[in-house]
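Each structure below appears as structure tokens.
One chain, chain A, links the two complexes that follow: it is found with chain B in the first and with chain C in the second.
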Partner chain A sequence: MKSGQLPFREARWGYLLAAPALLVIALVALYPLGCTLWLSFQQKIIKLPWLHTGWVGLANYRELFTDTRFWQALAHTVMFTVVSVGLELVLGLLAALAIHRARILTGLTRAAVLLPWAIPTVVAAVMWLFLVNPAFGLIPMGLRFLGLPETCQVLLAHPASAWAVIIATDVWKNTPFMTLMLLAGLQVIPVDLYEAAALDGASRWQACRRITLPLLVPAILVALIFRTAQAFMVFGHIYALTGGGPGTATETLAFLNYQAILNDMRFGYGSALSVVIFLGSLAFALFYLSAMGLQVKGEERS
Partner chain B sequence: MGLFGVRIILCCWLALVLSACEAAPPAGVISLVMAGGSGPEEAFAREQLTEFHRLHPHLRVAYQSTPSSASDRHTLYVTWLSSHSPEIDVLNLDVIWVPEFAAAGWLLPLDARVTGAGLPLDEFLPAGLACSRYQGRLHALPWFADAGLLYYRQDLYGAAGLDPPRTFADLLKVRGLKKRFGRPYGFLFPGQTYEGLVCVVLECMWSNGGGIFDAAGRLTLDQPRNREVLQALVNLIYQEEVSPLAVATFQEEDCRHAFEQGYAVLMRNWPYAYPLLNQAGSRVAGKFGVLPLVHGPEGRSVSCFGGGCLGINAFSRRPDAAWELVRFLLTRKNLKQRAQKLGMLPPLRSLYDDPDLAAQFPYLKSLKEVFIQARPRPITPLYSFISHILQVHFSRALTRQETPREALERGQAEIAGVLRRFGQEGAAK
Partner chain C sequence: MAGIVISGLHKTYPNGAAALQDFHLAVADGEFLVLVGPSGCGKSTVLRCVAGLERPTLGTISVGGRVVNDLPPQERDLAMVFQTYALYPHMTVFDNLAFGLKMRRRPQEEIGKAVAAVAEKLGLKAHLHKKPRELSGGERQRVALGRAIVRQPQAFLMDEPLSNLDAALRVKMRTELLKLQRELKTTVLYVTHDQTEALTMGDRVAVLHSGRLQQVAPPREIYDHPANRLVAGFIGSPAMNFITARITGKGDGLVLHLGGQTLPLPGDYLERRPGLKNYQQKNLIAGLRPEHFLPLTGARRGMLGRLKIRVEVLETLGPVNYAHFSLPDPLAGREAAAWVAALDPTVPAAPGQDLEVAIEPRHIHFFDPETGKAL
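Take a look at the complex of A and B:
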């Protein structure tokens, strides 16, 4: 039954009951969002109060869209999101399938797998910082052993290898989350489906492709929503590992936003950037939601 | 971002708790708040404040410790001052913030008070005074002085029978020394994308007769002397094997740790490293010396001036009491004590000849000129924007993402853009 068909009094009751929740959402989500939007049309640099402060129309957006650093950061963010979430999905799926089949020490295995995820981002990043330290880090030591010159051992001084370290840190830390989500998805797949497939003479591979993967899609989508939204906002790793360097080679949108607001104190410009980041993650979320919607409808049909 | 927000909120919360904890002062007592660093700096400040309370029973100072990271502290100060909060009376400022805060109208001009008190301004190191002045008026007073120094392994140079390095060309000999004594690193300098990198490259440029602005305030970043210097630094890494590429990821503390372990022959660092390198546990204790920085063919050695100032919040409700505190902290005796206890060198010329300090810092007397001749970074409220542009391009040059020529060309264009956009007030003085 659609809400439009409810008697008027019931509908009114419904709105009344939902009102406190809506009010809270408006207060903690919509109001700050509105403020950010408003600020994004202003020039406000709090460390330069002698400068004109006030309405500047679309100037912040114009500056943003003509700044090569913004486009570079956007490209970095998309690259990071796609590569690290992609790797986490593949590794997480493999790990989930393996753990799902493991019958011994299940509790212990799961706890052990989850460990990296429980470590705060900055702590994880600092651990990796030690691993790649050019003087005593394990990885440069290995590269030295292989006979590579000093300039190849300093991983954070080259854009490509700096990204490799950042992505490795993220994959190391967040694959367990993916595993856990997918493991939960695996456990709700009814066993009788596999038994029926086995009776019909399906191979292991066929069962995996025709039963496991399709039925895992909802869990995969949920995991992807969480991870993509998080990866799109990546800041902690960058801050602790490279500080956006060398130069600006590892700057992401969130890091640029931090630079604009907390270093340059350019609240207007930074807000414009925040609005763009918000729209970006909104687009991601809508895309996934519609994909999930299709999924649900597909299930209803079948 | 959350990290900083949380830190700031924590600090404000701490301020509240601290102010609530302190017993209400008896009638007639004026309360002050002073903001400064944490750790040993705070411990020593509290010692000095006890003495201050004894001398001024009608004044009571609460110490507000702030983050030791300069950028965190800067953010915190701007948050306080931009809201015109009268909460903090006396601020410990980095020298590069004074023009920015002065232009914003956040610091009390001190000229009349300095004249009234008969403070001998000539006594201060010239660069310290220059950093404290904005548009001809004093907005702060120097509290401690920093200048870039060259740390070198006296023992290795002695064993090899080499003279200590004095010019850029002398740096090239370090490769031989490094190999001969089996050290992984030759010459270390901080090269990460941060303020320290700007100091290092600037002093190299100055020591070769170059710089960012000329005497008339014109932007001269993209000039042959600067290009020569930047190219020389890049060559030290990729051609001469004098500096490791690791410097591109180093800050001054990373350099200090590596030097302390005996990994390096030379290091550019600030004076704070001296007592630490001589501490028990350091592998180079007693084996190193300190020199003026090396210079290029076109110039003489010039160090970058750093350090801290004391300023009074323009919105303070107790400016007279705050001035009493500033005067007390800047007495010769207290500055000397601070140098002895914290290793933070005094801003007064005459203390560089002081026998007690000379015993503790043997290089002080011979390097007095380094401190007197040290040059401040460009004095403009837009410095942080300029510095950020320089950080990016210098770092790109060191990691070969840009050639020195490109780095300077683009840096010059971007700085010109900032000066144009933010107007006349931003012109370097």
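Take a look at the complex of A and C:
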């Protein structure tokens, strides 16, 4: 209901009741955001205090958009997001379909399925660090067993295999989340639709493609929003596994941001990067929301 | 088109609950057979076994002379109309109707023609591009029917298809459905808990109770000659009145004791109802339908048994008044039996009023008190 349709007194009450929440949002979200925006037009390098500190206009943004390291980090981030979320979607969907069909999700299995997701990112990453440790890790041991050359066994030393480890960590950790979201979506599809489809002559595969997947779209969209936003901000895996290396081969936007501010102490430049990342994820969120909105409207109409 | 033959069907669920026991039923080709029973009696289980959605524990099901026990639902060539309609919510009406044909890989052109023909027949032409949620209950119901018709299956299975409609629409759809079936001459196995639907729609009615088939017969016969007390009590609304009774005397002194009163019976009563012969001087259950209470007027005065009643509640429905009263039931050792009489509105009656009503002995049903079998 639009507030315009409410009598004035009620509308005023509404604003009054919402005010504390709005105030908190302003304090913890809008204020820091404003500060960041303000900083992004300044030169402020704490490591080099003798340099000019103060207003430099768009200089930080100009530098950012001509910096190949930024474009590289953006490409890495997009690649990571697409590949890992894509893998999680496919694996999560398969797992959800299997669990749904077999009806094996008791309390215990649910806990087991959720376990990787409940582990903090850095802890998970350190676990994988052990797994890929060239001296005693399980994976290099396996590679040695397969007779691969020594150099291949130092997985984090090569850009491609380093990415593989990062993505594997993310997929391992977040597929359970995807599975549960999609399972919830599967469970609200009425059974009699499948029965009607069976009598209509649809094979299991046809029923899956024509009934299950279309009706699962809302659940898939919600799961994708959560996962994409998270993946786009990936930092923990990079920090704990590769530190952005080898070289800058696994640097993502969030990691580059961390480097600029906390390593190089370039608060102005780092803030400019923060603003760009913020705008990027805002665009993402708006895109998904409008896709969802279409979905919701479609549901209402139909 | 084909008949359905179900023989020796048993269904026991893994938890040990027996849903069906030794169920036999033959639906003739082109017949509209209604399977009726209270909820939980196993009637939907029968339908789901025929459809292939559930596996019978024992017994065979054949459609058109072909045993289908081991065929999946996809290959049985049956269509089912669900209580919830089970329309595909993300598809348009056209796609809902076309789904079965598409799955069977019919040519596009044929699908278009078939769907158009069915939409025309069911008055859905204007709705073909709409999604199910945009339709009213009655329209959705018609889409569900259309989806079954368009494929021209061997037989239709209908699981309470009208029970989600409001009362007026249900009555309308009842006749529409019947007209449609007469026109298509398709075999229909129709499941309902509504005895009115059963009586008005079925060529024959099968009454199921607690997983056991009680009687299969045309509606008139089910109503006039229920095979046992369960059928008698289930078919008819308001339900048949029951009370424990006893026949004593001989010849012209033959009388029926019920409710602490006696009704004279004609001398040849036992000759005409040979089933009663062995029950003289014994308790039996007498049943009387509410409409068989007659006003005590004119010519009837002399010839009939009379029952004195005291009206407790009077329901005025317009064409008929329902007088609720209780009869003491001393033979059964219980306080009283609650009875209903459907009285002509011209009979003056009011709550608390004492009334005498007439009963024709031929209208009384008798049942064995142990087995419930009609005598």
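Just so we're on the same page, the second predicted complex is superposed on the first by the 296 of 302 C-alpha atoms of A that agree within 3 Å, B and C clash if a C-alpha of one lies under 4 Å from a C-alpha of the other, contacts with A are read in each partner's own complex, and residues count from 1 in each chain.
FYI, a residue touches a chain if its C-beta (ideal position, glycine included) is under 8 Å from a C-beta of that chain, and two chains touch if they have at least 3 such contacts.
All values reported here derive from a predicted model rather than from experimental measurement.
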{"item": "Clash or fit, chain B versus chain C on superposed chain A", "value": "fit"}
{"item": "Which superposed partner A:F235 touches (first chain B, second chain C, both, neither)", "value": "first"}
{"item": "First, second, both or neither for A:G86, with chain B first and chain C second", "value": "neither"}
{"item": "Touching partner for A:S203 - first (chain B), second (chain C), both, neither", "value": "second"}
{"item": "Chain A residues touched by each partner, larger count belonging to chain B or chain C", "value": "B"}
{"item": "Touching partner for A:K47 - first (chain B), second (chain C), both, neither", "value": "first"}
{"item": "Contacts of A:A254 with chain B and chain C, given as first, second, both or neither", "value": "first"}
{"item": "Contacts of A:P159 with chain B and chain C, given as first, second, both or neither", "value": "first"}
{"item": "Contacts of A:E195 with chain B and chain C, given as first, second, both or neither", "value": "second"}
{"item": "Which of chain B and chain C A:I211 touches, first, second, both or neither", "value": "second"}
{"item": "Chain C, chain A and chain B - angle at the middle CA centre, rounded to the nearest 10 degrees", "value": "150"}
{"item": "First, second, both or neither for A:E150, with chain B first and chain C second", "value": "first"}
{"item": "Distance in angstrom between the closest Cα atoms of chain C and chain B, superposition on A", "value": "44"}
{"item": "List of chain B residues in touch with chain A within their complex", "value": "1, 3-4, 71, 75, 78, 82, 100, 103-105, 184, 192-194, 237-238, 241, 244-246, 248-249, 257-258, 261, 263, 381-382, 384-385, 388, 392-393, 395-396, 398-399, 401-402, 422-423, 425"}
{"item": "For the chain C and chain A complex, residues of the former touching the latter", "value": "51-53, 72-74, 76, 78-80, 82, 84, 86-90, 99-100, 103-104, 130-134, 147, 151"}
{"item": "Contact set on chain A toward chain B in their complex", "value": "46-51, 122, 134-135, 150-151, 153-154, 156-159, 235-236, 239, 243-249, 254, 257-259, 261-265"}
{"item": "Residues of chain A touching chain C in the complex", "value": "190, 192-193, 195-203, 206, 210-211, 214-215, 299, 301-302"}
